[in-house]
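The structure is given below, and queries will be raised subsequently.
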Amino acid sequence: MKKVVVAATLAAALAVLATAAWGSTKGSTKVASQANASSALVKCGKTRSIGLLAPITGPAASLGQPQVHWAKFFVSNYNKTHRKKFKLVPEDTQLGAANGTAEAVKGAQALGSSASVLGVVGPAGSNEVKATTGALKGAGLGWVSGSATNTQITLDGTRTGFFFRTVPPDSSQSKSVTGYITGTLKLKRVYIIDDQEAYSTGLADEVQAQLQAKGVTVGRDGVSQQQSDFTSLINKIPRNTQLVYLPWQLPPKGKAFGQQMKSQGRAGVKLMGSDGLFDPLFSSLGNNVYDSFFPLNPADKRVAAFKASHKGTELFGAPSYVAAQVVAGAIDRACKNGTATRAEVRAQIKKTSIAASASLLGLKVAFDKHGDMVKKPFGIYHSVKGVFVRVA
Amino acid sequence: MSSLGGGQPGEGGLPAAAPEPVDAPDRVKVGVDEWVAEAEGRRAARSGLTGALVRVWERLPAPARLAILIGPFAIFPFITNEGNLYRYGLITIIYALLALGLNVVVGFAGLLDLGYVAFFGVGAYLYGIMASGHSGHHLQAEIAIPIVVISTALFGLLLGLTSWRLLGDYLAIVTLFFLQAFVIFVNNANGGLNDFSYPFVGKVDLTGGSNGLDQIDPLNFFGYHITTTKGYYFFTLISITLLMTMLYFVNGSRTGRAWRALREDPLAAEVMSVPVNRLKLLAFMFGAATAGFSGTIYGAVQSGAFPGDYDVGLLITIYAIVILGGLGSIGGVVIGALVVNGAPELLRSSSNARFLFYGVLLLALFIAMRPWYKPVVVLLGTIAFGFAVHGIASAVWSRGTAGHIEGGGQLGRALEHWVLLPRNTSSIAGWAYFALIVAALVLTLLRGWWRALALIPTLYLASFVWENKLVEQVSGATRLILLGGLLVVIMNVRPSGIFGTSRVEIA
Amino acid sequence: MAALLELRDVSKAFGGLQVIDHLNLHVDEGEIVSVIGPNGAGKTTVFNLITGIYHVDSGEIVFEGDKVSGLPPHAITNRGIARTFQTLRLFLNMTVLENVMAAEYGQTKATALEAMLQLPRARREEKRIRKVAEEKLAFFGQRLAGYRHDQPAYSLSYANRRRLEIARAMATNARLLLLDEPAAGMNPHETHEITELIGKLRDDADYSILVIEHDMHVVEGISDRVIALDHGVKIAEGLFDEVATHPLVIEAYLGVRAEAEAV
Amino acid sequence: MNWSLFFGELVSGLTLGSIYALIALGYTMVYGILKLLNFAHGDVYMVGAFVGFFVLKWLGGPLAPAVTGWLAVAIMFTVAMLACGALGVGIERFAYRPLRNAPRIAPLISALGVSIFLQNSALLLWGPQFRDYDTFDLVGVKSYHIGTNFFISNVQILTISVSIGLTILLALVISRTRTGKAMRATSFDRDAAEMMGISIDRVISFTFFLGSALAAAGGIMFGLVFGQIFSLMGFTAGLKGFTAAVVGGIGSIPGAVLGGFLIGLTEAFATGYLPGGSVYANLYVFALLIVMFLIRPTGLLGSPVIQKV
């Protein structure tokens, strides 16, 4: 039996090596090294490739799938009306999976060494943006995320000129949230619970700091995203708390929290979610539920078309549509003379200017010097009969 | 699972006239002197190409074996591009390096340390704290690496102390909690509101919390920066070659012997003049230092450290490498790392994955079944069975053949005429998956031609499940399913791992 | 002349059970002493106390004039006491030679670092202990000779495993060997061989020996002195004939006759 | 003293603890007989929760169950416990039995393999998303107040009492039935039991059946109390269950129950009272484990082991 197993494994190992070598020789002549990857000329041809980094599988697939759907929705719309076609090269980052950001980096490496890829949409998480920086920047690629909201990733200067995003940062969301809580609701005692993920803690920290600056009494706690048993945590929330702020990413968790609040006799406390919880599951909890969400032009006929072709609304993925739009536009402009380099595409992304009328977001899309959108307002929604209605 | 079903231990594998293979652990005739006398004969009995290869391998001097293992890796960078070098080459060697350290703790000394990858994380974070834009310090690597290695060794010493009192599974659970503690700690130690306030310095942003610690410097030796993947690749390759050589010497020395004695029987070792507690600590320190060193490289390569990277997922990967390579086998980790890291990378693209899947299935079939005509019969039978099923289905159940294989190439197009591809697959494929597991398990109970016969529908079922379900998530769930199944099968066929020497244990 | 090993008033209890009760015992230089007694008399416990696996509750154990009770087992072994086990405890998956060499840990000094870099001291020591190990194995003549050195220990027969355990104990550079039922499970021919071997160990290799044995032929054949234990109390001591006919000993054995015969 | 917080955490702790206790029972029984750390146990618990969910769906879902809510719950328990019992027996038969005489680490790794396999099969088949038990709609959650500070919901009462009931049932099975006695004999000394004519294979299968069925009950209880289940829920729960078994003294049935409640209460009170509680709750449990090992290496109710030489 030993020899069978040994032989099988040796064969498998050889197969892996051989296939790797074989698979790699195909692309190796085109992109020789990172040093000139940025300036390597690529013939644009009829079909241009856009890399797509998203959590296609894994724990956060519920966030990643909408992004893939929206990006694909853009590409198929574009291809219908243009002679030059775009193609998405998806790489799975498995956000939140057991191997952490390692998969995202591998995916970024794969995109970086794929000579035809000129720009990238994604990745989803702010920590993934950080982790893939080396690989993408090294390969000279510009990348545009539709959901990485951590304030620092544009401001710290590490990826200026390379990284852009089509979603407003935490600083903007926290400002809207704080403004609504202190200005409109006029609350004095707030409890914040983060879910221990990068997205959540960043937003929670900012909201907490701003609320405290305005004299609100803030309690703070965290709970692992993997956890569903909130009762011991709920017991701890002071009785006089007026609102619990949940900057979470998983709507079912928000729902579970709300239900457990009820079963613990705390039905009267207001709940406020973040863009990650903007979902019917969360709004169905009742009239004391609020949420913040990036502006989306609900009147846009593309939203309706998406709704029609996909069963759900999956609005969380909409900025990835815009991200794909940005990258595709940049490649188009860079390709005017038939060839383009990744550096040219980056420069064109920076110059992006999508008019409010053409933008899905209902506002003009252009980037400031850090890579953030120039306009970045956030909307506040209130659940009325189980549906979110914009109130601010 | 299905690909493994074909590789189940059968009565095949040896010509009918050959004696029973007696080296399978369950058949060792313990304590029979004739066993010794037969040893030469058994060695000669290994026939065919594999037998010859094994014989040659066993007779090679150690440097030659090392050269054969490392040689292909040294050539690899010259035939591939940066992205593939990173994914197939660099990550494989970093994992192998990491697994070498675990091999000392678990393979040599027999201490079940489930907190091991925490040291990998400690290495990456420590280096990040000493040299990154995040912390503002930029220490040279020639200073930082010794500091990392010594501090992780000390952490190893601390964790190792628990092994004085706890053994086996108890040690496993405490070390696993240690890993959890590490992950929770780095997830929160950002000087934020949940964070500890340290004595003297107060709240400090050590790890960047769940956002991770980014902008880690590239390794910088005396002003020379390693910036390219190739540079890191060779640095790691040289490190692992050196480490393997050193481990080889240690393994043959008094320390290595004492570790193995400790693994075999701690009490007897203690009574035979081995200071068991000290050696346990030494093993923990050695492992931790290796992990810390590889963590430093990983941190520099990733130019960041993120909490999720050092969690149970990596632990499972590294254990799989060590076990696949054979507990206690120094060279085995390289093969283990190649299979465990390489195979999933190949699975990333579904057309590669398809080739790999059917290739391994065929290979397993032909290696595991003898005489030669048996697998041929099974193969032909499966092909015929598939066309028959497809034919019947297209006549009576048109929905069942309505689906398409996306981007499958020639193989994919050919398969469309053979395998059923229902339009809405999710629930059918789910039940088929369930049926496949049952079928594969039943196969292990059958013998001879019955098994061959049962293989035909099972193989077809396997390709049905593959095309309709597994292929959707090749880089995610599928790869881990295969890994889990592989661990179970390997443990059942060869409890000491593929390249490990078979062992006996008498309780 | 001072005794090589001396147990002074040693007691040991597990829970409420007094296993060893104020035991006094000594082994002189060059002496073979047998410990007999029915099952549960505390014989193996005495060995465990001497080698430091158990700690004494009271009393002390002195070896070559130094107190050794309280030291960890490996330190006691390094002082010169080595043992075999009633239930064989070889390192089954290591080779025969490695089994013996492993027991020479206490006589070597090279650190792991020296071994890694193959510094001279490590190489020198390795050469030396390999030679010593081969010598110890050679003591058993053809039984453990030649190509068997590279076979894993689990491939040995039962009798050879007992021999290998003795070789392993010798390799610790011990002056006193504690043999726990060295003839258990052996056929009459092998038993005879082991009896001769124990004599040889003393005469040719200058070991002092404390042995637990149930086979009265062996005990009679080798012992300079016999000590009988029952319920942790020494009930008789002296020459084999004296002890074997001692009324308390007979009673102890008869009282648990069935068990004694079963062994 | 804030009594409402105290009683709140008490009830939460008991609820959590009763789930942990059910998981711990399976660990402790298997460990008692096979000395095997059954890593896959936590995933059996997860499968149990999912089977319960699918039964509920098959009955028409929480909003329109074909039978009344409480009957639906009873059916869920029965089906899931039987299915997971069978799953446990199957796992033992194919993944552990062939390794009964292998080195200790082999079955452990095999168990790890089964765990990875089950978890990812669930991920593949059922996806990463959360499934709602919608307990509110299913049985109508009610809270009962006693005085001003003490309140408990009907689901929490159900969980605690089912857990205690199952434990008593298990104790009866083990002490009264023939198979139960055989189990105890096997756990005491496998070889001797075999020589006495006990069919070890049957006893071990039975043990796995019982343990896995209890884990399934735990999984459903989790779904009922906390509202939702997901494919990765097994790992942490398994870890806690094992910790509970160890704290109580592995191999001891009352120990497992005691350990389960102790861990549950530690977690709840740590969350409620200690700094950074909900984040560091696992660390506090860890600290408890370490302290436990330092004081009594064999657990609260475990018998001290004398190393035989």
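When the chains are written out, they are named A, B, C and D in that same order, and each has its own residue count from 1.
Following the convention adopted for this analysis, a residue touches a chain if its C-beta (ideal position, glycine included) is under 8 Å from a C-beta of that chain, and two chains touch if they have at least 3 such contacts.
Note that this is a predicted model, so its numbers are computed, not measured.
Innermost chain of the displayed assembly, by C-alpha centre distance to the whole-protein C-alpha centre, is B. Centroid distances built from C-alpha atoms place C farthest away from subunit D. Chains A-B form the pair with the most C-beta pairs in contact. Separation between the centroids of subunit A and subunit C, computed from CA atoms only, is 70 Å. Subunit C and subunit D have Cα centroids lying 47 Å from one another.
Distance between chain centres (mean CA atoms), subunit A to subunit D: 37 Å. Rounded to a whole number, the gap between the C-alpha centres of subunit B and subunit C is 43 angstrom. Across the assembly, subunit B contributes residues 188, 194, 267, 312, 316, 473, 476-477, 503, 505 that each touch 2 or more other chains. Residue positions 276, 279, 307, 309 of subunit D each touch two or more of the other chains. Within subunit C, the positions touching two or more other chains are listed as 53, 85. Against subunit D, the residues of subunit A that register as touching in their complex are 57-62, 193, 196, 221-224, 226-236, 239, 250, 252-253, 255-256, 259-260, 262-265. Residues 31, 37, 90, 94-95, 98-99, 101-110, 112-121, 123-125, 235, 239, 242-243, 246, 276, 279-280, 282-283, 285-286, 289-290, 293-294, 297, 307, 309 of subunit D touch subunit B in their complex. On subunit B, the positions that touch subunit D within their shared complex are 1, 25-26, 106, 110, 112, 162, 165-166, 168-170, 172-174, 176-178, 180-181, 184, 188, 194, 267, 312, 316, 319, 323, 327, 430, 433, 437, 441, 444, 469-470, 473, 476-478, 480-481, 483-488, 491-492, 495-496, 503, 505. Taken together, the subunit D residues at the contact with subunit A in this complex read 4-5, 8-9, 11-13, 15-16, 127-130, 132, 135-136, 141, 143, 145, 151, 153, 155, 222, 225-230, 232-233, 236, 267-269, 271-272, 276-279, 281.
The touching residues of subunit B, counted against subunit A in their complex, run 7, 9, 13, 21, 23-24, 46, 48, 50-51, 53-54, 72, 76, 79-88, 91, 133, 187-188, 190, 192-194, 209-212, 214-215, 228-230, 301-304, 306-314, 316-317, 324, 335, 338-339, 342-343, 345-346, 348, 352, 355-356, 359-360, 363-364, 367-368, 472-473, 475-477, 490, 493-494, 498-499, 502.
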